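Handing you a structure now.
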Amino acid sequence: MAMRFFSDNAAPVHPAVFAALAEADALDTAYDGDRWSKRLDGRLSELFETSVRALWVPTGTAANCLALAALCPPYAGVICHRDAHIQNDEGGAPEFYTHGAKLMLAEGEGAKLTPADIAAVADAIPNDVHRVQPHAVSITNATEYGLVYRPDEVVAIGDLCRARGWRLHMDGARFANAVAAAGCTPAEVTWRAGVDVLSFGFVKNGGMDAEALVFFDTGLADATLRRRKRAGLLLSKGRYLAAQILAMVEDDVWLANGRAANAGAALLADAAGARLVHPVAANEVFLRVSADEAAGLRAQGFDFYDWGPGEARLVVSWNQREADIRPLADAIGALGSPS
Amino acid sequence: MAMRFFSDNAAPVHPAVFAALAEADALDTAYDGDRWSKRLDGRLSELFETSVRALWVPTGTAANCLALAALCPPYAGVICHRDAHIQNDEGGAPEFYTHGAKLMLAEGEGAKLTPADIAAVADAIPNDVHRVQPHAVSITNATEYGLVYRPDEVVAIGDLCRARGWRLHMDGARFANAVAAAGCTPAEVTWRAGVDVLSFGFVKNGGMDAEALVFFDTGLADATLRRRKRAGLLLSKGRYLAAQILAMVEDDVWLANGRAANAGAALLADAAGARLVHPVAANEVFLRVSADEAAGLRAQGFDFYDWGPGEARLVVSWNQREADIRPLADAIGALGSPS
Amino acid sequence: MAMRFFSDNAAPVHPAVFAALAEADALDTAYDGDRWSKRLDGRLSELFETSVRALWVPTGTAANCLALAALCPPYAGVICHRDAHIQNDEGGAPEFYTHGAKLMLAEGEGAKLTPADIAAVADAIPNDVHRVQPHAVSITNATEYGLVYRPDEVVAIGDLCRARGWRLHMDGARFANAVAAAGCTPAEVTWRAGVDVLSFGFVKNGGMDAEALVFFDTGLADATLRRRKRAGLLLSKGRYLAAQILAMVEDDVWLANGRAANAGAALLADAAGARLVHPVAANEVFLRVSADEAAGLRAQGFDFYDWGPGEARLVVSWNQREADIRPLADAIGALGSPS
Amino acid sequence: MAMRFFSDNAAPVHPAVFAALAEADALDTAYDGDRWSKRLDGRLSELFETSVRALWVPTGTAANCLALAALCPPYAGVICHRDAHIQNDEGGAPEFYTHGAKLMLAEGEGAKLTPADIAAVADAIPNDVHRVQPHAVSITNATEYGLVYRPDEVVAIGDLCRARGWRLHMDGARFANAVAAAGCTPAEVTWRAGVDVLSFGFVKNGGMDAEALVFFDTGLADATLRRRKRAGLLLSKGRYLAAQILAMVEDDVWLANGRAANAGAALLADAAGARLVHPVAANEVFLRVSADEAAGLRAQGFDFYDWGPGEARLVVSWNQREADIRPLADAIGALGSPS
């Protein structure tokens, strides 16, 4: 079972999270009136070195789409990468939460955007009433292909947004992996770089069912509390979600888990060499493999995702250690050079 | 702490549920592709003695509103009681999920509806294009005031719905308490009576964050799977939700918990006598108390909800036993007759 | 044909409007880029004695609902009378345009609201995230029962709105009749009294298919231009709508038409005496009549609307003169006292 | 003024339409209860040689988006060309009317789609709950670049739709030009080819503000009547819209106008020769011109639209005759070969 590289969503829950659930299993006020939920703002303000408002939600899709609804009116648009999770993997949730705002698709290597990529989309749109106008940008860090933004790269996008009057969202489903890879502080790559709202993912990184939606523009939080309720996302026993987030932040479990998964992916990347489709910075490895090669790896017990013809995606989870990963690295090495 | 009668949402999680979470803490497929999620249809089909489709969702609001969206187009309406949870306590979620369908408010003693109450709403609406037309009815069982529908009462409503071409939803946030009180089978009070979709609540009854949305009209389930994803409700590690539901259904934990809470409420009801605002059938007790009397009870350490001036709501949770409840019953008895 | 009192929507178009259509039948820029559309802001600013932004739309429903969307977010509510047109006669358009905001229904004699009526609705709503909160108030002037607000009555409502942080909309489908009846200026009963947006109706008053949406809070207009397009309401040849409005405003045709219709209704009211359900100020007369009496009037060739059992609604149109109305007044007089 | 080739929306109204407006200027029932509106189904059923349901609406955007809402649920998608009017020129109206359905963009020469173009979009979408799935196809005839579908080309698309379980919409803002160019019957290129709903445009072709939404799948019409009202599109005096459509259909004014405009465009196309960007079949001509050449044409009094750098769009209107067009043809001819 340790040979599964299909998705970090499939991984189990970190022991500290389970312990926190047990600890939260006491009588307390319902919804987000409990003592755990009330600690979120303070604890995440510490982590981000600024005053933030933080809300728990049960999924990354919910976090992303509440963020988009806070940043973009129904008649406007959000620029994102053509391969962004919000465009391809959320079943139309951005359109649902924003009441029909339009995703505007930018190109960019490895699902990573530059200011030029973003401006190219916007500059092709005449500013008249017939065309939907962009009001926000959403970037994913780490990207859908495992690339990571350096703080200065986010700063450049943040500057563009400010200059154009747009808002900036970061989808951080793998924020831990991104921060671990960039070697920066959480602050440097978010609000200091112009990010207004962050979807801070924990589920892929050891949580059970709690993600944090972090508002650096704290004025947006109150309306979002209402949108969260209105979306059926205000869990009756929210303390179990808040407790998970607190446990992940405590002792930097989130960062340690992110580092561990990244290290595992680096092992695979070393073995893959010329087979890599993208440079590997976080915990995802995209590999060129023939159908026969993929079948061969599977025959050895390795599980992974076919990423279109001739490519495979390998994801390392927080709980996989070198001994779990080495056999796959060896098997990849044994494939030799790609044909 | 056992003196809290504020809300059954505040209660802890049943041990069987916690055990199920630990058991589910293994590597498995993400979303609802895991072995627990795949067992839901079968297990709930057994419980309901018919073939059903069952989806986990993290809140009762989500369950209710996915149901309404499945039953009512955006341009139509849903008849419900003026005091229904969907009208007063879901922050506009029904309007969000249905894309603006209208709730049409019926009167009825104790938030319970009769066919006549429902028909009165509909019959006042001219059938032209200027008026929104009803397409569905939603009843709550047990009601917001703790009343319970007998199977024949639901049959009568189901017959009306069929005659008018409407669909029927049951909000069963306290379905366990309702079934326990009615002494009927789950089937008798749902699909056999004409209910198309049931929100089957577990969280108030010992669950952590899993409710079941049960489609008796199974043709509605596939689109709802898409709506669930689109609403950001498809949790990455859905196995933890499915496992909770299975644990609650196993050995009829749900029913035992419902019975226990009802029994506790009966103790309070006996003590309350003439102070009861509504007859007590499930686990909620509405009490006439003056402000001074309420303050006096609170001074003795009892916690509860003020339900408008001169009324208090007491809710008994699954885990409260006679020893936990008797002190409050005695304190109520000591109040004497209402002024 | 002059014996029709069914609806002012059924009346023909004023000759000045037809002339304006013919005049606009020249080549010009599409949408609202033409010279007629460009004159609207200026012309209506003159009429209202302040700087306004004015948009043409083809229906009163569109005007009302664009206004509500500008004033109320999707997760909030609009307080209006239980019998308001937006609640009963627009097929759910308010919910569509606002993306599901909730109409909150107030009571009030003759569909007219006082600050106390409005506050009663709001004060019954706990200010928590579970309940939808009011963000705006909508009043109809003249009301659905033909009552008219004096400027000081609107001032009182405007003050309440300002104190609570709400916005104020006036549905002026019969604004001409209201202003004619109140003997005030358009300014006194709108922005000077705290109205943010007015739906200024022309179609019931001699127009063909143009209403004006007038923003006194001009900052709301730009987003509404986008919402108008997004709703499919930006007519390709908008000049024909703008020209109608300009023709109605020119030489105060709108006001003369309103006065004429009101005068006709006064004739009927005098004849009706004790049969009046509401005092008559504008162009609508609600009459107590038995089914036999109604049948008798119809047998004489008079056409009107049954307003529930025992009541009839008579509407006088801009083009009906005393000679057209006198026969109905006489017939009503001949009915004698109501039984 | 006859030298304007900017847009057919700028053209005046056909005399027969004006005459019809005057004729409709009689007292009649409001909304669509009048004798003109009631004739639409019958008259258009004759024209299309099958039983249809036909609704007037004031804009092409409204027609298109009501059609899409009838064909596609909120959680699904509509395949259309990347340059389709619904994608680029309707300000997000498709997303508004469908409650957030996704437009899925196909490639195709001259904004014209083949079954292969459409299938390519669909086949790239995994059929799981994370991805929005296509439910409908929308094609424009004549296309945004003036190309025209032959009946057999629509049949091929209709067959694909049927095979995949999708519905088919035709945006016929320039349907008259398309039918005139294809030399087919209206039936051959619509329902006989598998089209479910047609937006039948009249405004660009001599109407004032009436388009017809024609349902070949008549079962979709009733719900659309409600959606039309809900969108604020049910004009109070609908008889003026119905009368326009009837006037345009009478004596085949629509077809004569379409032919006239096409003939004018053919004159320009002959003159343009190698400068044509697309073959010219309908009433639009896309021309390669340098900035200097464009300036030169404008200096001679010709007005047209810059279609990106190096291209100009010339549109011939129904009322432009050879004498109006010849000067521009000559001026284009005088430009010589493109550089």
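A few points about this structure:
As written, the chains take the letters A, B, C and D, and residue 1 is the first residue of each chain.
Convention: contacts are C-beta pairs under 8 Å (C-beta built on N, C-alpha and C of every residue); 3 or more make two chains touch, one makes a residue touch a chain.
Which chain is which protein? Per UniProt: A, B, C, D = Low specificity L-threonine aldolase.
Just so it is clear, the model here is predicted, and its values are computed rather than measured.
When the partners of chain C are compared with those of chain D, the chains appearing in both lists are A, B.
The chain with its Cα centre farthest from the Cα centre of chain B is D.
In whole angstrom, the spacing between the mean C-alpha positions of chain B and chain C is 42. Here the spacing of chain A and chain B, counted between their Cα centres, is 34 Å.
Centroids built from CA atoms put chain D at 50 Å from chain B. For chain D, the set of residues touching two or more other chains reads 31, 74-76, 90-92, 96, 99, 129-130, 226, 229-230, 234. Those residues of chain B lying in contact with chain C across their complex are 74-77, 88-92, 95-96, 98-102, 129-132.
The part of chain A that touches chain B in the complex is made up of residues 1, 4, 6-7, 9-13, 18, 21-22, 25-31, 57-66, 90-93, 96-97, 203-204, 208-209, 226, 229-237, 240-241. If you check the complex, the residues on chain D that touch chain B are 31, 73-76, 99, 129-130, 133, 223, 225-230, 234.
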